[in-house]
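Presented below are the structures under discussion, each in the form of structure tokens.
Same chain, two partners: chain A is paired with chain B first, then with chain C.
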Partner chain A sequence: MDTIVTAGKLNNEEIFNLLKQFITEVIGEEFAEEMDISMESSFNKDLEMDSIEIVAFSEKIKAHFGDKIDFTGWLSDMDIDQLIALKLGMIVKFIETCQ
Partner chain B sequence: MPIISVNNRDVHIQELNTAASETILLVHGMLGNLSVYYFRIAPILAKHFHVVMYDLKSHGMSEKITTGYDLNSLTDDVAHLMERLSISSAYLAGYSFGGLISLKMAVRFPHRVKKLVLIDAPNPNDDKTRMMMDAYNRESLENYLNGPNKTKPGKRLIDRKHRLYEHLFHETTIKRDVMGERDFFSAAEIAQVKQETLLLYGCYSPCLEAGESLKGKISNAALVALNGDHDIPLQEPEKIGNMMESFFRNQMAQA
Partner chain C sequence: MNLYFPLTDMYKFLFVVPPFFGHISPTLSVGASLLEKGHQVKWLGITSLADHHIPEGGEYIYPAEDLQPHLEELQQILRRQDDGPGCSAPEVMKIAFEETYVPMARIMMGGLSRTVDRWKPDLIINDCVTFAGALCAHMKGIPCVTTTPVPPEVMGNTAETAPKIFAWHEKLFRGLQEEFGLYHDQLLVHSKQMNMVFTSSEFAGVKNPEPHMRFVGPVKGRPNHTEFDWQRLEKARGPLVFVSLGTLLIDIRKDFFGKLIQAFADAPLTIVAATDPAIFEEWPDNFIVSGFVPQAALMPKMDAVICHGGFNTVNDTFLNGLPMLIIPITYDHFHTAKLIEDAGCGIKIRYKRLKIDDMRKAVFELLENSTYREASARIRETFIAAGGNDKAVELLEQCCAINNNIN
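Take a look at the complex of A and B:
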């Protein structure tokens, strides 16, 4: 299930672990185990996620946080190069700020 | 991920602003997926419209299907999807091969299409697509992906693309079906399209000539050449989103 009900604010580490879980669900455990997923990981270059997988990842964030986080709105301000270079730590920071 | 069953096949869709009364349906191109709209163009359109994006069969996260890549079958798919979502008519936009699907929708189901936007839709008579499909192998894919001005992708990304291309070119009827549409632009039915049509093309795109040809065939069409090539939705997403929104909203204001 994509939808998880959360209570209260998450700290940096909790957000990171949640996003790591989402990435694992999208790309599969087999690949996720091979990757060293960190705050510095970029979606395209490091995690080798393609555009439809980033859509799936975005949907998981939307389903989890609901209206509290306008994740796709935030992404829509980025051009394609910024999207490709986006690092996990930047998303953690964005979610932390929005909470 | 919203996967819905349409005619017993799994179709991946994404919807935005479901509360809006008017719908825009977005069709992506061959070898692509709905992400071409999802990040930049759809959010602009969703300010005032219900936006529906879907992955074509075998593309993105939709089910792999071996047959039915001709424009009649692909427009049947669109019509069934609209029925499944209870959308009687919609503003329709398609990119590249998705533009041909959208144009065919206006031809076959005019009552379902309020207005049309075709983004860099190619002339199916162009041999380049056939040559690319005939010559395809993993090496040609790697050469293309490692070409100048491209970020070298990793093995996993190449594998995923290769699996899609292998499936489409070697396990489905797509080559034969697409070649069967060679004369689509010469068909008299295109002249019968009455919907107001906006043709958005890259001024450096090899498809621009196709846009000029369509402008001459569709009675109520305007052509705008934007600064870019065939990748224009990625190069000018904001401009395309805003132009589409304004084009579709004009009719709403007049209605």
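Take a look at the complex of A and C:
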């Protein structure tokens, strides 16, 4: 079981590293290593996550940050062009603002 | 009139089909059954279709003159389909709806409308991505049935889960129908009278289908006179594994079959692959490769199937109680893969995460562990119970009869 960490707010870089770790866990190290995961990585295109992987990634965010960060709700309110333009950096920023 | 069929009225059926063979295929099977009963059947599409695909007595209409001004745009649309594998899910949705289905409807409407005026069909049957059929039927006051070759609800309940995606869809469909002067509360791109789906509700995971959704299961019987080296198949060693990537996705064939060779060259089984052999100079000895195969006749002899999730291959596989390794690439493949995993009749490995070793392990697991085969046999039962060709014909005749009584 993942535990909910409540201690202190994370800065941008810490959030990024955490998300990178979640992505690696979800898609597998072999595939993650091939990608140069950065703040600029497009969530859908560069990381090539399918819906099942996105669900797994969302669950990791929820397990770590708890209910104060509604990542799935935030995603589901996007229109199609916003989804296409979604970058990892935007998720970092969203989490930073919410925590 | 009707000396030979005194008990049934004879009708004229017009299938309106997209330029994708996977979508055309089940209509050819249903059309063959309608023709056998003495009905008149025609197809209309925006690319030509070889005569040998058309059931005897039927006719395929390609309105060349009306399509002349659109040929370049049409070629662009067809080429665009190959971009799917390199695109993310939301981009694929845009390609499908904005760049394919909606412009196809515009391209098709002129020739379709003239054909309908001339031939006066009793029923228009539009494929689910061929919106022009349903819109034209509405404009001319002709009853319409929609055919859906894939499990519906691919995107789930977007009204709840992704309201802005739902709104985008609505706006796109409404915009199209208003271009043709159809100002209506409802969306008209699909039939509200009947949507005929060529799978079972059990496999599709649809618990309480709306009354107009009719699951008739797989249909068969379309003409397929493709030759095959049956003698070589008889001499083949080990279990037989059928592999198909369908008719689209030309660009990634070489990559996919290259991985297949790495996984199974010299393995104790025989691969029967439907793809153009010219993509490689040489194939391993245990690979039987032909560009076209008589798939329905081949399938009963196979032990397992590898495919990307093209729906006709999915239907043929489970109709024969076989297990499947599904390697989803793009479009609706992921949805189909999930249904197969839910049913327990196969294993999924996503193409973008495909490792040679995993592919090999998965195929031997499917061959050796009987639970997949047992689950496939259960799906087979639901397919047969859905009624197939006979049920499809009965439902289409009913639609014509009801409408005749109203008139």
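By definition in this document, the second predicted complex is superposed on the first by the 91 of 99 C-alpha atoms of A that agree within 3 Å, B and C clash if a C-alpha of one lies under 4 Å from a C-alpha of the other, contacts with A are read in each partner's own complex, and residues count from 1 in each chain.
In this section, a residue touches a chain if its C-beta (ideal position, glycine included) is under 8 Å from a C-beta of that chain, and two chains touch if they have at least 3 such contacts.
In this text the structure is predicted, and so the values were computed from the model without any measurement.
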item	value
Touching partner for A:V55 - first (chain B), second (chain C), both, neither	first
Chain B versus chain C as contact partner of A:M90, first or second or both or neither	neither
Which superposed partner A:S42 touches (first chain B, second chain C, both, neither)	second
First, second, both or neither for A:G73, with chain B first and chain C second	first
Partner chain in contact with A:G28 - chain B first, chain C second, else both or neither	second
Set of chain A residues, in rising order, touched by both chain B and chain C	27, 31, 44-45, 48, 50-52, 76, 78, 80, 83-84
Touching residues (chain side chain A, partner chain C) in the complex	27-28, 30-31, 42, 44-45, 48, 50-52, 76-80, 82-84
Footprint of chain A on chain C - complex, ascending	87-91, 93-94, 161-165, 167-168, 328, 334, 338, 350, 352-353, 355
Chain A-facing residues of chain B, complex	1, 14, 33-36, 38-40, 43-44, 55, 60-61, 151, 153-157, 160-161, 234-235, 237
Chain B-facing residues of chain A, complex	2, 27, 31, 44-45, 48, 50-52, 54-56, 58-59, 72-73, 75-76, 78, 80, 83-84
